[in-house]
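All chains are identified by letter, namely A, B, C and D, in their written order; residue positions are counted from 1 within each chain.
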Amino acid sequence: MTELLQQTVSGLTTGLVYAALALAIALVFQGTGTLNFAQGEFATLAAFVSFALSTAGLSWWLIVPLLVVLAFVFGAGVERLLVRPVEGSGPLALLTVTAALLLGSNAVVALIWGTDVRSMASPFGGAVYHVGPLTFTAQAIGGGALVLLAMLLCGLIFRFTPLGLRLRAVADNPDSARLLGISTGVMLAVGWGIAAAVGAVAGLVAAPTLGLSPELMTNALLLALAAVTLGGFSSRLGAVVGGLLIGVLSNLASRYVPGIGGDLQLVVPFAVIFLVLLVRPQGLFGRASTVRA
Amino acid sequence: MTGLLEVTGLTAGYGGVRVLHSMDLTVAENEIVAVLGANGAGKTTLLRALSGTVKAGGGISFAGRALNGTSAARIARSGLGHVPQGRGTFTALTVEENVRLGVISRPASTRAQADGDLDRIYDTFPVLREMRRRPAGALSGGQQQMLALARALMARPRLLLIDEPSLGLAPLTSADMFSVLARLREEWSLSVLLAEQNARASLKVADRGIVLARGRVVAAAPAAELAADAGLRAAYLGESPDGLTGVSS
Amino acid sequence: MSVAPGPIPRRVVVALAAGSLLLTAACSGRADESSGSGAGSNTGSDEPIVVGMSFPLSGPLSGAAAVADGAAAYFERINAEGGVGGREIDYQVLDDAYDPARQAENARQLVDQEDAGIVLTFGGISSATAPYLNGQKVAHVAFGTQAALSDTDATPYTRGWFPDGSWEGQVVAQHIQDEQPDASVGVLGIANDLTTSQVDGMAAAGLTPDKVLTVPPGVVDLTSQLNELRAAGVDTLFLAVVGPAQPATLRTMANIGYQPTTYLYSAASDLATSVGPAGPENATDAFTAQYFKDPADPRWADDEGVQAFKEDIAEYGDEANADSYLAIEGYGAAAAIVAALEDSGGEGGDAFTEAWDSIDGIDNPAILPDMQLSAGPGSRLVHQYRVLQFDGTSWQDAGDVVDADDLAQG
Amino acid sequence: MATSISGPPTRTEGAAPTPTPTAAPALAELRPMWRRPVTWAWTALFVVALVVPFLISDYDLFKATRVLTIAIAVAGLNLLIGRAGQISAGHGALYGLGAYTAMILVKELGWAWPGAVLAAVVVSGAAGWLIGLPALRVRGLNLGLLTIAIAAIFPLLLSRFEGLTGGTIGLQLAGSPITPPAALALTPEQFQFLLLVVVLAVVLVLLRNLTTGPMGRAVEALRVNPLMARSEGVDVNRLTLTMFAISSAVAGLGGALGGLVLASTVPDSYSMFFSLTLLSACVVGGSRTWAGSLVGSAFIVYLPDVISQQIGSTTGGQWSQLVYAVALLLTLFFLPAGVAGGAGRWLARLTRRLRRRSHA
């Protein structure tokens, strides 16, 4: 029983990282209508930049907001410069562009920082807390709180600000939005920017636990894709809940379902993708009418 | 005569296919002009060319400013509203969010009155007030048409392009719709360019009408005159196939 | 899908395709048919000895580029000293991105185009290239722990450089049995043949682990597995994971307060990429069954072999690799290859493997003191181990030199 | 687009008949096959391909053979993506399935290679049919996701079922079983290249005929608008499954020949990355041109090698990956219809202009 609880807790902790990345993927999807395969690499890049900044002596509490701003500018710039030219060429070309971005940013990270793993100290310290039989690390608690905060902020922006209203309008019906005087191009770039910022927080939180390497988010990306499918591409909340569920599910399934085992751990999220798409293509939280063809 | 909207030699199309051929058109202040024509005549394309969602050639001048090459978003902000065919509702947003989105293209000087306008709109369309917290996708067709009008009005447009408001509505509802239009023109000092297949109903509220066929103006006259011309209606507003079947009106 | 582009005049497109094919044809003319097999056995001449290398220089395993860099540094040093018997070593490094098809292609290019007499390949995918090189009777030195690379009957021209993975399992199992006979033993590794062979080795030494958990390559967060091991009461853990997962796991163990007696996999116990990133305090008291010197370990600061390596890598290679365990592994291999070449009088497959197999007791800059290279089981040159223990800054001896040759008998 | 409300009008307009660009090729279609320039061009290419093996080295042939095996798979992908309008991000797995099937039959059961290749085609085709089942419900990017899930799981399953697949080190043969008959006096590389040229030619002719006849019209309708296709009497479900099965069988054919030529199959070869590479070959070459399969395959096989040879240091691998990514991006920016498609259009414009000038 204790182990079951502990497994659930650690599933939730890692699930938060998937959730943030899934949210980023969903944001891009809702605006641009494509899956950004490079979302994980963007997060890795952010983690390395934060590493460079902290090596340069910046305080961690300065790095977080700075990084969010940098990631926003980066994401918006990528949309503007590299994604915009192919927006009219169909979903396959868009998807291929994101695959090229994945390869490119992966190479850039490896060129600048090398392929060896680097350790990044947890900004929350190494304390361990015991609640009953369960163990929580300061990193898990602090990192979890940071991710939650980022997701909450993102939710607030979308729900309650005029900017969020415009973003949602463009995601809902871009043609109509244009007729109302909304510059859809600017909104798409802003959407990519916010997505990159949320993803950056995911990378930042994952790095101290996993160690910095160009492969930091490779698996997280796959799990986040499963999470978005599970939650529904049209739902931001769905992506977050999907991430948490995937985190817990893949932990528990590899532990308790006979025949799966750790080596097939990655099969779980993909089995989830499979089942969800077949049974409920719009995902748990999505609405059928807004699933893009 | 100089009107609010002056169009000369307008051409437009999709890809390699030209749909509008050298079209002239004028809409005066506070005037309702009905654009009539069969399915595929080019009505929708005309409206889209004016609002900048379809590439157009020729001259478009709105309130004395040339609109050629201007982005759709900027045209919307210059006081030219477009209620698209199918209403363009943001189905996932609430009714009130839909209406408020209209404010974006409002002239900055009238921003302060936005809340007052919202009340006026709710007074005109009480059903929207009732349902303002509901997702817009839950509205009926007629209610969505009202919502689209309400949203366009929130931008305080000087000219409103309305595309097939009666499409898919029950006859009674669409009659309501046309009478509302006449009222709105007075209350909001609007000009309206109304694209319709339902010639009889639209000519009742319009001051003038123009008839399109195969992307050209084939007739232009005061509304009453057009309404009386049975021959014209039979020739252009009946089921005349015009060859461009792939292009919707 | 996107709007269909209009049909395209196909003749034009076809012409383009034809052009691309002809371009291929122009790459190189058809080589003289005679130089097919037994490549490069130009004994006695003063032509360069061509050593081909196919390594993952890009992609997820691009860290292995350091191995190639270390080897290249040694070859350069030899060239600077006048070469092998007056012949220069002409080494060619190609990227295979750890794609077996590209490695096979590279092997053909190296043999066919460059006339390589020895081909070095990296990793388990070497067994995919071995049949071709053996068919060409070209000497093949593979950097892989796989048992298949020790099978000199099936592939008589293929030689493995470092030990077979199962031997390490045997050595570790024996150490555990000597130190804590009642331990509850767990293995946590990557789901591949390396972990399988290590577990097989443990079984051969009479130790069956209570729990074996494996994860797919690339999975870095092993918290779930650690929870399971702890819940199962495992108090002695053989940690056979590699790459970023290894330091991450050590850190997680420290974080969640799970501190079994830990044995690290030899190739994932160095200061630069494993113990260092994990935080030395999180690896203190860990054991490893080791055979190479870690150039980052302060213990070897004055070691002759390590000093030579550091000088050469700074002079001829990428100085960033001066602390790299992988680079000294490649450096040591190059030294062994040069030693075999000096004895063989030629790099043809037969001559080279014969010289390799007759190596018996020579020194090597990469291996631990009190060890020597000699052709052992499976004709692997490295088969001696010493269990080391990490004291927080350095790996110290925690046992005697053990030879896999003896283990295989017992 | 996002909602059904604004969608339909746009779509009908996009699909409006485009008389100007189609006119010339449509006329050409009326000419008998042997009089069409395209037939001559393909024939010339085929003849060139038959001569090439006697001009270039065995190494270059081996590499070109790999291009051809991948081109077969990409041609299958072109059928699915460019013609039937279905995305598959899992063709790497089907290529691998073909390779493993053929390898197991040759190595473990001692089959002759032609039989093993045929069996691999059947197995991959059947697998493709199964993958097509979800495609009846799911379209577009969702289908892409579904198929990428297959691509990601495939290598893990290969490693897991060690008894059959040899686990992570895979299956190897001492040499390729595809050897020339003694009477031909060819090297194995020459024979393999010629064999692949013939196989690719046959595959392309079959696929082309498939997409030009009555079935082609049904496939086109399926791509443009499945609902409309249904109303025109096309059995959409059956056609979708058929397209998946054929496309996958073709990919399996490429894989089987590729695996046997290499004499080795390893899970690492058929990773998700490989599936995405095939997809990028399809896009780069041009998914709607058959020659695009050849151009796209050459792009993904030669470009990384050329770049890494230009850079050629032990730290050059990352640069080559970066340059590859940039090349991919530039192709997408400037040649949205793919290299073959883009070049085709450019030359078509040129010939039109020349023709007009000569008429004047």
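Heads up, the rule we're going with is that a contact is a pair of C-beta atoms (placed from the backbone, for glycine too) under 8 Å apart; a residue touches a chain by one contact, two chains touch by 3 or more.
These figures come from a predicted structure and were not determined experimentally.
Chemist: Tell me which chain's centre, taken as the mean of its C-alpha atoms, is farthest from chain C.
Modeler: So the chain farthest away from chain C turns out to be B.
Chemist: Going by the contact definition above, tell me which chain pair has the most C-beta pairs touching.
Modeler: Of all chain pairs, the one joined by the most C-beta contacts is C-D.
Chemist: Hey, how far is the Cα centre of chain A from the one of chain C, in Å?
Modeler: 35
Chemist: For chain A and chain B, what's the span in angstrom between their mean Cα positions?
Modeler: Each chain reduced to its C-alpha mean, chain A and chain B end up 42 Å apart.
Chemist: What whole-Å value do you get for the distance between chain B and chain D if each is reduced to the mean of its CA atoms?
Modeler: 48
Chemist: How many Å are there between the centre of chain B and the centre of chain C, using C-alpha atoms for each centre?
Modeler: Their C-alpha centroids are separated by 72 Å.
Chemist: Where in chain B do residues touch two or more other chains at once?
Modeler: Residues 15, 84, 88-89, 91 of chain B touch two or more partner chains.
Chemist: Residues touching two or more other chains, restricted to chain A: which are they?
Modeler: 88-89, 91-93, 107, 110, 171-173, 175-176, 263-264, 266, 289-290
Chemist: Touching two or more other chains, which residues of chain C qualify?
Modeler: 1, 3, 58, 62, 65, 191, 216 - these are the residues of chain C that touch more than one other chain.
Chemist: Which part of chain B faces chain A closely enough to touch in the complex?
Modeler: Touch residues, chain B against chain A: 51, 53, 71-74, 76-77, 81-82, 84, 88-93, 97, 100-102, 104-105, 137, 151, 155.
Chemist: Considering the complex alone, what residue numbers of chain A touch chain C?
Modeler: It is residues 2-3, 6-7, 10-11, 13-14, 88-93, 107, 110, 114-119, 126, 128, 135, 137, 139, 209-211, 213-216, 218-219, 251, 254-255, 261-266 of chain A that touch chain C.
Chemist: Report the residues of chain D in contact with chain C in the complex, numbered from low to high.
Modeler: The contact residues of chain D facing chain C are 14-15, 18, 21-22, 24-25, 36-38, 40-42, 44-45, 48-49, 52, 54-60, 62-64, 66-67, 81, 85, 140, 156, 159-160, 167-170, 172-175, 187, 223-224, 258, 262-264, 266, 268-269, 274, 286, 288-292, 294-295, 298, 302, 304-305, 308-309, 312-318, 320-321, 336-337, 339-341, 343-345, 347-348, 351.
Chemist: Which residues of chain A touch chain B in their complex?
Modeler: Residues in contact with chain B: 165-166, 168-169, 171-173, 175-184, 234, 287, 289-290.
Chemist: Please name which positions on chain C make contact with chain A in the complex.
Modeler: For this pair, the touching residues of chain C are 1-3, 58, 60, 62-63, 65, 191, 213-216, 218-221, 223-225, 227-228, 231, 243-244, 246-248, 251-252, 254-257, 272-274, 276-279, 320.
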